[in-house]
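Shared between the two complexes below is chain A, which pairs with chain B and chain C, respectively.
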Partner chain A sequence: MFGKSNNVDQLKPLLEKNFKGSKDATFQNLDNGNYQLKMIYINSVIDTSKIHDMFVKPFFEVEKKEQYTKYLQSLGDYKEYKNERETIKDILHGSVVFLIDQTVHLIGLNHQENNSVLDANVETTIMGPQKGLSENINVNLNLIRHRYHVPSLTVENNYLVGDKSNIEVVLLYDSEQVDTKVLKKVKEQLNKVDRSIVQSAGELHRALTSRKRRLFPTLMVTERPDRIAYNLSLGKVIVMMEGTPFVLITPAVFYDFMTSMEDFYQPYFVGKFLVLLRYIGLLISLFLPSFYVGIISYNPEILRIQLAFSIASSRIPVPFPSYLEVIFMLIMMEMLVEASIRLPKTIGPTATTVGGLILGQATTEAGLVSNIMIIIVASVAISNFIIPINEMSFSMRVVKYFLLLFTTLFGLIGLVISTIGLIFYLVNLESHGYPYLKLFFSESKRPSKVS
Partner chain B sequence: MLANVVALVPRIMIDARNNGAILSIFIGALLSSLFFYFYMNILLKFPKKTHAEIVKEYIPKWIAVLYIMIISLIFFISSWLILVVFIDITKRFVNPDLSPFVIGIIFLSVICFGALLKSEKTLYALEIILLFCIPFIGAIFLKSTINQHISWDAIKIVFRHGFELPKLETIGATTYSFLGFYYYSIYNKVIDLKKKKIPILLVFIVAAVGIVNLLTSLLVPIGYHGFDGIEEYVYPWFSTADAIRMELGFIERVLFIFLLLYVGVSIISATISSHVGIETIRYILPQTKWRNVSIFPIFIMIVFSLFTTISYFFISQEQVFELAKIYFTFLLPMGVISIVVLVWADRRKKHG
Partner chain C sequence: MGKGRKVFYVLFCLLLLSSCGFKDIDKRAFVVSMGIDEASNMEDGYEIILKVAIPEAESRKESEKYILLTEESQTIGEAVNIMKGRISNELDFGHMKMIVLGSDIMKRDLSKVMDWFTRRRDIQQIAYVGVGKPDAKTILDVTPKIERLPSNSLFLFFGETGTESAYVTTSYLFNFRRDLKERGIDAYLPVIEPNDTGGLSIAKLMISSKEKILLELNEEETKMFNILNKGYDKFNMVVETDETNYFVLTMDQVDSSYTFMNRDQPVITFTINFSSLVEESTFEFNKSKMEKYKKLAEETVQKSAKQLLLKLQENNLDPFGFGVHYRSIQKGSEEEKIKQWDALYPNVSFKIDVKATIKGTGVVE
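Up next is the complex of A and B:
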């Protein structure tokens, strides 16, 4: 019930040593004639406007010390004192420490500035919900709870990730649906995370996978509360992190990255058509550049004769072999993409105009690349962005170059071989025990379907 | 399996075209269905166990070791035949400039990677690749049969000679294309059919699909090139595919689609063969591990790769065909032997 009395003497000098130096740490002494108390907090992480109403005003109204202690204990965010280290952590995460005589009391009064709900602008839909998550974990929990009204929805929040960042991580799952094996694995890995700073969901993703160097995302990163709710109902585990509007969903398999929430909001056949479109886009963005190289440099006889001639005639002024042409244009395209992501929003359109229109036009006129190459690069770029989850689309951007390398070296056979190699690689991946890429064959239990 | 339908099997069948080819298809299908039925039913009595595990457990040791070695060798030879043929095909039809050594190396690097995966993962890969390839291959087969230039008279001649007494090697070749179910010896461990017996209907479906497949692979090339003309070609199916045009497609020559698809199919089937070979032989090898990875499977794959790439230079295609004939003939008694061994194991299991 009451805080342990013998600890105040140890705690007080420790807190003073740790926080006296910083400007936003407040050590406040209150005295109403009957008794005194000491309040310690960091005013930049707590809601200072409430301090006066919640603590100072009652202090001068309540005459007895015991009564005031009871009042503190009756507050919603009251925490019992555990030890010095926990107390320091709590102060850093926005608690107020009360020292009344020989007792210690902690009250959480966490306040974060960034709690506005953001528009979903990475995974947009036309007809679905328009808002994403916020950067505040409590707001996010609120958003999800409002979409998933089930008593078995469990929130576990005893994880702090990163030695220095000490970011709060919350696990969220439906305890009736969840696969306990996955849950156990995620917990183990959360406890093993050994990074000093973890700030984004992607970084946490890296820390959570056993394979350190990977090419494909094996956990899904999303900002959409509707996707989260949907995945909760499928028994997946959600890993939420303080300070980022993105959460991780595990296990996630290849197909999950190819679905958009939009598919569910459209009529059945329209949804299926959209999915089909995405796979076609994926194939185009992966294979078209390498196919071009394979055809031009190794087997031009594959194409029908008219097409072969028209490609050849458009390549007449081009002085390079086809692979240089392709690499040159692809690199330019990647630069454009990167530039338009990094540029301030106001300059963005300039980059696209200069890059896309002027450069594209000029390079063909100067005879550096063929017209057909421009079409190919454009269709590769467009179809690459059809993939709804950003991480996957970035991975596919990289994979394309592996295929290109093999095709450049060995022709169309290289393309076939590297495709099979890619399939083997994807099949070999696992997402917390779930096979990453597979079709129908199931061992014993069918894993949850596409999300 | 599918890969063999275009390379070795039709060549051998076409050699026997005036010597009971049709009859041999039916005999082969019948034999294979029987083998299939018995083999699967006995395997299903040992749920979650591979063929090699069963043999190791219930059969006297020296026989088991010998038997496992032979079985594993059979799978490796199957893989080797596919590879040697497809390296040659790649060199002839796709990349005449590329050294067969390089082709061999890139084929085998992928196959080694694939064969060393876990059993269920090889199945996932197989599914994906087959699902991608089969519609196209089916379409090409269909297109080839409805071509108006096909000579039905030549096909009639095959039927006229079709019911003479066939040679053993021809029957072997037909059973070879039903070989797929032997792979179940490994996949019994990961696939749970949840059945005690294999349904008869499935056996009939497999037999029917196999017969249609074999008839197509035998008759279509003869229909295109004539009863005598077909003798000129080493790979009758690829020459046939080259005779087909897609006037409205943007790839005009069917050959290339066909080739690329078949290179894919052959690689995955070589992978599966090698995988089954490895998984079979690993039970009689020491389980030495280095950094948690078993060494011997990797070692075997490396030896196999070296052997395959180098052997290409020492064996002519003529010799490969001769070897294939011997191998196919050898498969028939092996089918009987493996069923007998399994029955034996089953009896020993029952009697303690």
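Up next is the complex of A and C:
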């Protein structure tokens, strides 16, 4: 309640040293005849329209200093003074500092421009909710609270990550369902994060996993409030971050990356069919290119004779061995995908038309690749996009090259062995204590549960 | 990371298991069928014919082009090796699904001829084997008009993906080889002949015993053999009612099995049950006489089955494998058992029980 007398003496020069040179820092002196105070804030991170109504007007109406102090303390976002470092951080996150005589008072008046709720366009559903999250953490909390009305929903926000970015990170969990071990691990890792800049959920993901070089996502990145609510009910921990419309969900196992929220909104058998379809797509996008090389160049007797002949005849004009043909086309396909992601939305369709149609047609006409190869590349590309979580589909894009390498060198047995190797690797992974290939994340089989 | 390294070593060793055969599909020459004939200017030599299909660059039209490579040599392996030097692409036997033995070769010891096929790892054991008449080369050189890939019509004949006929007997390489070695059963092969329309006909059967007795069955006997052997149900049967009238039954379902009774004086009883439909007749069908028609049908089947079995017995041939059956129910050493059986077989008596059902007289009222 009462700031110590030496605080202001120390704080004032420190604040002046830090912020005086900056154009958007405001040092405001108020005097109503009875007493004076000093207001310090950065006007670009706070809601300046409220300053007058909330602070200046009452200041001239309240005659006594003590009364005005009480008024400040009764405001919702009042924070007590802790130390100089915390104060500087608070100012940067949108607090107003009041120096009244020898006391320091902090009022949070955070304002962020980007608080509109965005359409969910990374993970779209046909019949599910259409809105995703916003870039504002408070709006996001509001959205989630409105989907998950449970008193045990806990919000913890004492984390700032990045030495320079100092981004606010919020942990969200259902305290009755959550696995305490996971929660403890996440907290430990959040405290250990040592990066100067963290700006996206994916970056935070990299900072949160102990493995430095990772191929598969072990935390799920999502933008859907309905997925967040569903995962909260399963006892998972949500890591939210200021300034990004994506959150992290942990623990996340392989199976989670293959589900779309749509599965829950469709009739039972339709949902199961969609899941099955996705796994078939996964297998096609992983194995088809290497299977092609393995069969064409090592074991053509696997095919029916009719198919073997039509492949052989379509390959006659092709001057390269099969693996170069496959790699050539796959690289072209990846470039096409990358190009259409990075291009402005208005040029995107042109790139796909030029790349997909004209290039595909022309390469077969020129006899650089076989017709069958075009079919394979197209089906690999399509089936890769069927994986609902983007991160997983990107990982799978990379994995198929490992399989292709081994198959090119060792034939179908190379494919078998590299697949075994892939499974070894996946089994070895874990997501905050959960084995990565755990199939069903049911509540009854959870290893430890808060009782 | 000691464990990870161990796993890596194990995986690496597994990789060494792979063969070194990187060869693109368009650099291979697929042998689709293979023929063996007697060498014309060499004693005990073989003339090997390979039918190599050539894919054409125009992929929309399936190719019917092929090359016949022939070579005479004392051994099959040698002949194939010489032929490798006569074609620029690598010879690939992975799709070789038809082996045609010339009818002259049938007189030789077949287990020696077939040895090459059973040792090579790239020969599919599900390849079909047949006898080519007059010789294998003639058969391989036939291009039926219906064929879109070289030798494809032979595959369709025997694979039953195309025609289904009671006259076509399928003999797989693995089965043929087994029958050649096994005591108490004789190997049989379909006979392939060129016909006048530029195609191939398969309607006969050739049985070869270990004592090099060859017997060719005619069309009707072949049909009966297939019915008795596999319960083949895609056949028709003419039943004569009197001098001028007859009706034709088409089979719907056929079951055939035999029981082996009395070891010292064996009686083999075949039970054939079939249900059928009338497909053609020269007279008005009378419902009240159905029993009579049935009886006539039963007698017809009985007669031709008995004829076939007796003919085989006379020639001391046993393609059904009664001898194997006998060996399985008798005690003693294998040598003794087969000797006993050889003595017994000429005296075996056959009984045939036929039970016919005529389900309908066709869609006519």
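Couple of notes before you dig in:
As a working rule, the second predicted complex is superposed on the first by the 437 of 451 C-alpha atoms of A that agree within 3 Å, B and C clash if a C-alpha of one lies under 4 Å from a C-alpha of the other, contacts with A are read in each partner's own complex, and residues count from 1 in each chain.
One rule holds in what follows: contacts are C-beta pairs under 8 Å (C-beta built on N, C-alpha and C of every residue); 3 or more make two chains touch, one makes a residue touch a chain.
Remember, it's a predicted structure, so these values are computed and weren't measured experimentally.
If you put the two complexes together on chain A, you find that chain B and chain C bump into each other.
Shared-chain residue A:298: touches chain B and chain C both.
In the overlay built on the shared chain, the residue A:417 is in contact with chain B and with chain C. Looking at the shared chain after the overlay, A:343 reaches neither chain B nor chain C. Once the two complexes are overlaid on the shared chain, A:438 sits against chain B while remaining clear of chain C.
In the overlay built on the shared chain, the residue A:427 is in contact with chain B alone; chain C does not reach it. By the document's definition of touching, of the two partners only chain C reaches A:310; chain B does not. After superposition on chain A, the stretch of chain B whose C-alpha atoms clash with chain C is 97-105, while the remaining options among 25-33, 43-51, 61-69 or 97-105 stay clear.
The intersection of chain A residues touching chain B with those touching chain C, taken from the two complexes, comprises 298-299, 301, 305, 406, 410-414, 417, 420-421, 424. The touching residues of chain C, counted against chain A in their complex, run 7, 11, 14-15, 17-19, 21-26, 28, 30, 32, 53, 55-59, 62-63, 92, 94-95, 97, 122, 124, 149, 152, 155. Those residues of chain A that touch chain B in the shared complex are 298-299, 301-305, 307, 406, 410-417, 419-421, 423-425, 427-428, 435, 437-441, 443-444.
Across the interface of their complex, chain A is touched by residues 90, 94-95, 98, 102-103, 106-107, 109-110, 113-114, 117, 120-125, 127-129, 131, 190-192, 249-253, 256, 260, 263-264, 267-268 of chain B.
By the touch rule above, chain A contacts chain C in their complex via residues 296-301, 305-306, 308-318, 321-322, 371, 406, 408-414, 417, 420-421, 424.
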